[in-house]
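Both complexes shown next keep chain A, but they swap its partner, so chain B is in the first and chain C is in the second.
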Partner chain A sequence: MSLAPGFEDPVLEGQGAFRGVLNAMARPGSVQALAGLPQAPAPLSPVAAAIALTLVDHDTPLWLDPALAASQPLRAWLAFHCGAPVVDSPAASAFALIAEPLAMPPLGSFALGSETYPDRSTTLIVQVQGFHDEGPLLSGPGLAAPRRFGALPLPSDFWVQLRGNRALFPRGVDVLLAAPDSLAALPRSLQVEAD
Partner chain B sequence: MTTPDPAYNFAYLDEQTKRMIRRAILKAVAIPGYQVPFASREMPMPYGWGTGGVQVTAALLGPEDVLKVIDQGADDTTNAVSIRAFFKRTAGVATTERTEEATIIQTRHRIPETPLTAKQILVYQVPIPEPLRFLEPRETETRTMHALQDYGLMHVKLYEDIATHGHIATTYAYPVKVAGRYVTDPSPTPKFDNPKMNRNAALQLFGAGREQRIYAIPPHTEVVSLDFEDHPFSVQTWDRPCELCGATDSFLDEVVMDDQGRRMFVCSDSDHCARRRSARPEAAA
Partner chain C sequence: MTVASEERKWAMGVLACAEPEALSALWEDWPGKPAFTWLRKPESGLVMVRGRMGGEGAAFNLGEMTVTRCALQLDDGTLGQACVQGRSAAKAEVSALVDALHQRSGDREAVRREILLPLEEARAAARQALAAETAATRVEFFTMVRGDSE
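And now, the complex of A and B:
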């Protein structure tokens, strides 16, 4: 069994991916294209793989959803390129990779941080098929004006959960959505309009 | 772009350090105004010379970036020149003194007079990131105060200004509230610059190297300077224009000209001043 490569140029491709993630996080619901993507073993998508290579390392416990955890080649790839300890409990993770959003655990089961250290919370990396602008109305820091945003597929109660996540502020999780060649972010500061 | 010095990794820091700083920056953006602890590295310059800002810039910087560095508004002062040279050498990036040409602007204690755009990131060098530190020296206490939004002490401090001086005498590092939640130190910028922080189109990142904190103000985020209904926040004004370019809307530095008490008031933003002078050649003489 041979190991798939990571970034071709870890320094510059990692930097490019980080700026994409940062732009997405600073402007919630905006779609950021990513280039220079690695080919990780299925079912990890190239964009989710690029985010993992950019941010995950031996300092960040990683949670994998059952679809990803079942892939031995993927676990070997993550162990070699990221070196992150894989944890069983979502609440113990700094990052969580999710390939099947419809089966994802509730947001409240991940690390939510504390009132004194709200930064000690999980960043979710959720693989989706694509984005659209017919979802709920988003507003808050990073948005000059409210905008509609949606992604598919997401659990039917995802936006209700995200409102619950906002109610915990400054505690809460941050969500990165990884589409096939782009990404968007839903930081905890985001206000989601009720339906 | 020039070729970076091959003795260093791109932008000096090793990749694991960059990942750690990048994670802190992302959490800082997600929790506007909250100070995220990070494992600040020793840099090849002393604390107080912008080691926090330099680490944030190093984690952001790519070969396509154009970097501007200002110290008290000026591009040509020691700190600004050194940091520009540092990144030119270690990352080979293009540098500029023109505000609108830059994609990343690292600043010590000023916000450029030229309005920033959504394509720019402003990186502040921060000495003391904790706005409550001089009121409460214990980190355990200030951390709890932030958790409980217990900011009464800061209002007492501003009130004591009024009781002693008749007005709020804080003129720099004037505390702000970010996105209605965290009271935050804008770094020792003059309060003249506070209104520019409010709903700025650019992302604002703050790095404190010695104190090991990173915090952020996302674009278009509400930033309110603390005040009282009967003593509303106001910025400094001058009774004369800049003596070099004639600007009446910029922050002026007082420059001592000789030992006879002669003084001159000039723009602190050297790019803003130079641009205005070149647009009006008759005033440059």
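And now, the complex of A and C:
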């Protein structure tokens, strides 16, 4: 059995990816390019793999969507490089990796945190094909002026779900969108304008 | 635990405790060094060594020690891992290569004969030398029988 390597330079590339996630979270809907990407087994994309290597470890239960969970080489890769326990229930996870956004479970089925510990919620890492600026109008912390943002593919009711997620604040999930060579974030503080 | 994994456990234990110089000298003489790719480059850190008094009861923390670990993969996909005492990246690399070769049935006997057994003998000899040195300073205490029991 063959195992793919992780980051070539774990310190610098891990810091680079962390900085990318940090900037994306601080400026919701902005697109952050990411360099120094690992070659993970399909169907995990390089950007999603870099985020996983940076954030996921033995303390963070991980949920995989059925497309990812079916890949034995990927499970072995995650076990070796991240060491995270893979859980069956989205509600028990600290991170969720999603390769097929159109089939993803509703946001409410993930861990939403509690009023006392809102940090105990799931961070979703969703693989998308790309970003565009024809989506709904976003505003909130980190956005000086409202801006339009969208990603493809996403479930048709994704933005409605995200509004529901905002209503739970300070509880709720955070979403990281991983395109082929860049990422964007939709933190729980984000306000999505109704169409 | 299978025989193979018991054997690997022994081999990794021998490598972990080996003197870096002794290991690199033996590895120098090994013909045909295999090509490999890194899965995890050598990194040093601390582990907490725990023990149980007399091998049973509750575990206690004995203390922290420095270890270096790494993982690599030979071209045929064999995985070699090492977690060795000290901060020597070179020792960790050679140990992981030896671990990988030790898992290949074609190389196992040679690795055992040329590298692992000499290392184990060297360690046993060093222990014995230390024990002998300590034994030379041993003091025997004698107690005179006191006469007040009469």
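Worth a mention:
Assume the second predicted complex is superposed on the first by the 195 of 195 C-alpha atoms of A that agree within 3 Å, B and C clash if a C-alpha of one lies under 4 Å from a C-alpha of the other, contacts with A are read in each partner's own complex, and residues count from 1 in each chain.
What we mean here is this: a residue touches a chain if its C-beta (ideal position, glycine included) is under 8 Å from a C-beta of that chain, and two chains touch if they have at least 3 such contacts.
All of these numbers come straight from a predicted model, not from anything done at the bench.
Superposition of the two complexes onto chain A shows chain B and chain C fitting side by side, with no clash. Once the two complexes are overlaid on the shared chain, A:D174 sits against chain B while remaining clear of chain C.
Set against each other, chain B and chain C touch different numbers of residues in chain A, with B touching more. By the touch criterion defined above, A:P10 reaches both chain B and chain C. When the two complexes are overlaid on their common chain A, residue A:R188 makes contact with chain B while staying clear of chain C. Of the two partner chains placed by superposition, only chain C is touched by A:F80; chain B is not.
Once chain A of one complex is fitted onto chain A of the other, the partner contacts of A:T116 are limited to chain B, with no touch recorded for chain C. Residue contacts after overlaying the shared chain place A:S2 against chain C, while chain B stays out of touching range. Figure legend note: chain B and chain C, brought together by superposition on chain A, show a least Cα distance of 8 Å. Overlap of the chain B and chain C interfaces on chain A: residues 10.
Per the touch definition, chain B reaches chain A in the complex via residues 9-10, 15-16, 18-20, 22-32, 34, 36-37, 59-63, 118, 143-144, 146-148, 179, 181-182, 199, 201, 203, 217-222.
Within the complex, the chain C residues that touch chain A are 37-41, 43, 71, 73, 77, 79.
Residues 1-3, 5-6, 10, 80-81 of chain A touch chain C in their complex.
For chain A in complex with chain B, the residues that touch the partner chain are 10-12, 14-16, 18-19, 21-22, 25-27, 54-57, 59-60, 94, 114-119, 121, 123, 140-144, 169-170, 174, 187-189.
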